[in-house]
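Below you'll find a set of structures to go through.
In what follows, subunit A forms one complex with subunit B and a second complex with subunit C.
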Partner chain A sequence: MKTRVLGRQPVGLLLSAPYAVFVAAVFAYPLGLAVWISFHKYIFTAPGVSVPRPFVGLDNYTAVLTDPAVRRSFLNILIFLLINVPLTVGLSLLLATALNAAIPFRTFFRVSFYVPYVTASVAVVGVWLFLFGSGGLVNQVLGGAAPDPSWLINGIWAMPSIAFYVTWKQLGFFILLYLAALQNVPKELYESAAVDGASRWRSFRSVTVPGVRPATTLVTLLAIITGANLFTEPYLLTNGGGPSGKSASPVLLMYQRGIEQGHPDIASAIGVLLVVAVLLIAGVQRLLERRQA
Partner chain B sequence: MKPRIPLASIVVLSLVLASGCGGGDDSSAAGAATAHGAINVWLSNNAQEVAWGKQVVQAWNAAHPTEKVTAQEIPAGSTSEAVISASITAGNAPCLIYNTSPAAVPNFQAQGGLVPLDDFADGTSYVTARSGESAAQYKSPDGKFYQLPWKSNPVMLFYNKKEFAKAGLSTTAPPLGTYTDFLATSQKLVSSGAAKYAIFPSPSSQFFQSWFDFYPMYAAESGKQLVVDQKATFDSDQGRAVSGLWQQLYAQNLAGKEAYTGDAFADGTAAMASAGPWAIAAYKNKVDWGVVSVPTQAGSAEGQSTFSDAKNVALYTACANRGTAWDFLKFSTSKEQDGKLLEMTGQMPMRQNLAQEYPAYFTANPAYKVFAAKAAHVVEVPNVPASVEMWQAFRDSWSNSVIFGKEDPNKALADASAKINNLVK
Partner chain C sequence: MTRTISAPVADDVLPTGADGTVKRRGRSKWRVFALTVGALAFLFPFYYMIVGSLQARSDSSLLGALPMPGNLSLGNYREINAAIHLGRSLLNSVIFTAGVVLGTLVFGVLAGYALARLKFRGRGTLFAAVLLLQVVPFQLLVIPLYVQIVRGYGLADSYVGMILPFAINSVAVFVFRQFFLQLPVELFEAARIDGASELRVLRSVALPLVRPALLTATLLTFIGPWNEFLWPFLVTKQAGKQPLAVSLANYISTVAAAATNPYGAILAGACVLAGPAVLLFIAFQRYFVSSDLGSGVKG
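So, the complex of A and B:
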């Protein structure tokens, strides 16, 4: 009886317990609490302070969905993902393939791509402000072709600029994932392709791309998740989601509503919707990948 | 069958735990009100204020060995207000914070994080005796003081004498009194190449940024707070005049619209800056500056108002020894310590007749005299519920219409006014 309750390997329970507790405390509890808060009128209070926290049904969700700023932030993040995710996957795979080959200064290039990833956004944002400011290097090179207003205060270009910045900043990490995956692609496949007369491009498409498909799934998912949680870049690069909210992200609004303005109930509703949206996008992406496979 | 912990159980458990939140008793608060013992206080991370804080704590501890005070800087966070709010929720806020923003007080009060100073027998009388009539602006809607008005930084207009001279403008009586003068001077500064921008307040959409572009000029123009008697006041001729001026500055690229990583005034990118007396130390040896009142339509006049940019002291409910906290608060805002604050930071203690109280200081430091005079005419942010939300609504509207020109500023002011009326009612 005791064995049945604790399973066939009771020691396994003991070994997995710390992680289960960690998941429950750090992930499940906050998530459950956030969902609970989103259905109540809620403010954070000092311990011992009792305030009414009535159930309000879908009121917070109605408030969020009828708020043009929130709707705009979800559109912004969709624009961001449409640019950032394909660019991240494409560039990191291409660069990883190049860095996996016997090229001169390989270690130097590997480190160079990784440095932006390990550098704090706050520090590198200054460089991008210098590059993409109205009198910045990019506009000086473009001359008359530079957008007016300049990139970061242009309603059309602000979000794509952030997407390019994040792609550049995170590329090193995703290249690393692909580099690891490339070690598992059998060399014999490349040799066979060469014997069959495949060009380098053909070999890349028919051997490398299918060979690193699990890594592509991981890279895509991580890019979607980190992209959906965008905060620092619109906060610093575009003056807090400007111009006129054209680069505001849902997480930036969660910070404003929940932390600055003291409405964790509204912030939680935005958060829950964001989780649902990310799950939906990730689900669609998985379906598409399965069909391709 | 393998025993498993289904995710659903975890979520259900979370919900049960969550639904139990918010309980507790406040019986300990009653005893804390008169209790004496060790306390801790937080200071802003401004170097001069930290130095002032250290000396006041040292002086107190020498005289009160059984009621030791420990001071530290406010822990790092995106903003001080976010850190304080989190500490209130966590129950680990210090007894006193010498950097409490008046705009955040309504939120902290709603959280149950603040002790009304009126709870102390001499609470109200001490606050009003020290700050005089201006203390009334810091009363909460329930009529109580949840903050002690501590120090102000009356916002004035700094100008770079070198750049003004380069543009052929007077450096002793610059034409900055009226909006017409201000605009013409701005145009001359930029067209002459003396500076890239005439003025460069942060164009960021953070809720508090309007305190350094719109609000000082609006206070000077109208003498009113943003909201009076639960009604927004800025959808008026005065509000429209201020936004009209700024709209022209942005439309003509006389004011910067992009994020700027440095201090545009200190490095010469902008020829003017709106700032309080804290800036005197910051610009020392960097800019040869002059200072005037912010402009008004009719021209600057003596006694015209400006935004206070005050930082106050509040006593937090997590404090176990409130008796000591109140005594230390009075000690640290005594005439002697206010004098040291003035000497060490250049910021204006919110004390009546400041110039007369510290004549030696103002004789030795004449640059601060104008700020002391202005300190008697400051307009504070309104103490209303949803204060931060209100300022964010205003800032969003300002950014969209005045900075980026996407909407008619007059319509934007009217819309923001309607929204704010709804928020504060």
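So, the complex of A and C:
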């Protein structure tokens, strides 16, 4: 009788219980808490101490939306995405296509593309600071063409530099996704394209690109989410979103406002707005793609 | 696009004369060119990281990109070790990573198996949660988790506090479910008819069959906590509890300026942090392939 109520194999409940508890405690509850905090005046206290936390309506959101630093950080992410997403999609598809054939040293190439992806950003940031510093190797090569002030401390170049860095760092993962997708493009399509006398560029455009469109949607979405999560790079590479907030990201501001300055309510409001913005961008992107297809 | 500029360079850089490639040389030329340019751009910073970490005096000139015998030393490693205690930080990284990997594997396999092969009340709801959670971005959870774990439970500067938000991974649950779904149903039925309990079926039938997939999952899970910065950075304020990524980041943002060769010391720390992940990945690179990941992604 009992087994019927709980299903045919109630041991399944036991096996999945840790996951269910985890989901409730570490995802569902904090998710609700984030939204709740963003509508209240909230300050940090020692464990167990209770203080009044009055409902303040949209006050936190008003404060966030009128804060020029926060607005700038959202603009920065937009700049970031406009550079990062097209570059990521283009380069990873191109390299995955090149990799998807019988070529010499295939394993070597494959491994070298994944190495930045498996390495900690904190470690690689060290080399980029060295490479792109004022007297760094890149500026030595460029000579007079180097931007002044140098890349990471230049108001115009700081955010694009971060976008290039993240493109480079994450590309291996997206190449991996495209390689998986390329296995599903029917070989016959390439053969018939070749019979019809299509050039390689032409068959890339007319067979490969439409053939991997579902993967492109996934890659775009993941690149947008990665971009919205940006924290380590502005924190370390441009020394806290410098110069003067020109490369600050919303998550960096959440850290600064929420934890450094002790306003978790403001930080939660930034978080909610950020997620809404990401969902909007992802939705618009889906619409555009559907219209194209 | 690339074709027009590829012709003269590819042959200099790579010996494409190997037998199989001679016939298809024209076809593969642009590929090899694009891949070589890519590989150089991807590997050079790592080469430069190693060279820079061994320079006694930081040399950012063009010649400095080559290891100069007169300018080589291990001084940078001593410097960074004195500043952030590499051994202790590495140990913290290992504990944090091991906790996350263990939790992800054990609980992920259990939940993935239950979702794939067992019928019980609430299975549909739980699977919907798995799918839904993949779109919840971590940045929204950072503040409430900090409020909850650090301020509420008082778990600052503890391994438990560091591991907790990553102890189970919804992507892993989803991927394990896919692994178990790909096994033939008859296997499970045969084992059950023989009177094996569900746990025994999982341990003796299902797990041995998905072992290569588990290795891939372990590798992919490893790089997450090993490289993670934001969360352990928020949880640990004591230097003695910080994983290497956090202590190196603190060194970069605050201490480095005072060192005699700041870049050298940073790069030495970077090599120590990057080393284990890169070596592990190269050693097991054949498990890190698109088909395994693809089987999880395709759904």
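Note that in this section the second predicted complex is superposed on the first by the 267 of 293 C-alpha atoms of A that agree within 3 Å, B and C clash if a C-alpha of one lies under 4 Å from a C-alpha of the other, contacts with A are read in each partner's own complex, and residues count from 1 in each chain.
Operating definition for what follows: a residue touches a chain if its C-beta (ideal position, glycine included) is under 8 Å from a C-beta of that chain, and two chains touch if they have at least 3 such contacts.
Computed from a predicted structure; not experimentally measured.
The superposition on subunit A brings subunit B into a clash with subunit C. More subunit A residues lie in contact with C than with the other chain of the pair subunit B and subunit C. Within the superposed three-chain model, A:A69 lies in touch with subunit B and out of touch with subunit C [touch as defined at top].
In the superposed pair of complexes, A:G271 makes contact with subunit C only, with no contact to subunit B.
When the two structures are aligned on the shared chain, A:L33 is found in touch with subunit B and with subunit C. In the superposed pair of complexes, A:I43 makes contact with subunit B only, with no contact to subunit C. In the overlay built on the shared chain, the residue A:L99 is in contact with subunit C alone; subunit B does not reach it. Applying the stated contact rule after C-alpha superposition, one finds that A:N239 touches each of subunit B and subunit C. Contacts of A:A180 after superposition on the shared chain: subunit C is touched, whereas subunit B is not.
Legend: residue contacts after superposition of the two complexes on their common chain; A:G227 is shown touching neither subunit B nor subunit C. Using the contact criterion defined above for the overlaid structures, shared-chain residue A:V115 touches subunit C, although it does not reach subunit B. Between subunit B and subunit C, the overlap after aligning on chain A sits in one stretch of 74-82, 128-136 or 380-388, namely 74-82.
Under the contact criterion defined above, the residues of subunit A that touch both subunit B in one complex and subunit C in the other are 5-8, 13, 20, 23, 29-31, 33, 37, 44-47, 125-126, 129, 133, 135, 236, 239-240, 255, 259. By the touch criterion stated above, subunit A contacts subunit B in their complex at residues 4-8, 13, 20, 23-24, 28-33, 35-37, 43-51, 53, 69, 125-126, 129, 133-135, 149-150, 152-153, 155, 236-245, 255-256, 259-263.
The part of subunit C that touches subunit A in the complex is made up of residues 1-3, 14-16, 18, 20-21, 24, 28, 30-32, 34-35, 38-39, 41-43, 45-46, 48-49, 52, 58, 60-62, 64-65, 107-108, 110-111, 113-115, 118-123, 126, 129, 133, 136-148, 151-154, 164-165, 167-168, 170, 173, 197-199, 223, 226-227, 229-230, 234, 245-246, 248-249, 252-253, 263, 266-267, 269-271, 273-274, 277-278, 281-282, 285, 288, 290-291, 293-294, 297-298. Taken together, the subunit A residues at the contact with subunit C in this complex read 5-13, 15-16, 18-20, 22-23, 26-27, 29-31, 33-34, 37, 42, 44-47, 91, 94-95, 98-99, 101-105, 107-131, 133, 135-137, 140-141, 168, 171-172, 176-177, 179-181, 183, 200-201, 218, 225, 228-229, 231-232, 235-236, 239-240, 250-251, 254-255, 258-259, 264, 267-268, 271-272, 274-275, 278.
By the touch criterion stated above, subunit B contacts subunit A in their complex at residues 1-3, 5, 7, 10-15, 17-19, 21-26, 28-29, 78-79, 81-82, 85-86, 88-91, 93, 107, 110-113, 196, 202-207, 257-261, 317-318, 386, 388-389, 392, 396, 399-400, 403-404, 406.
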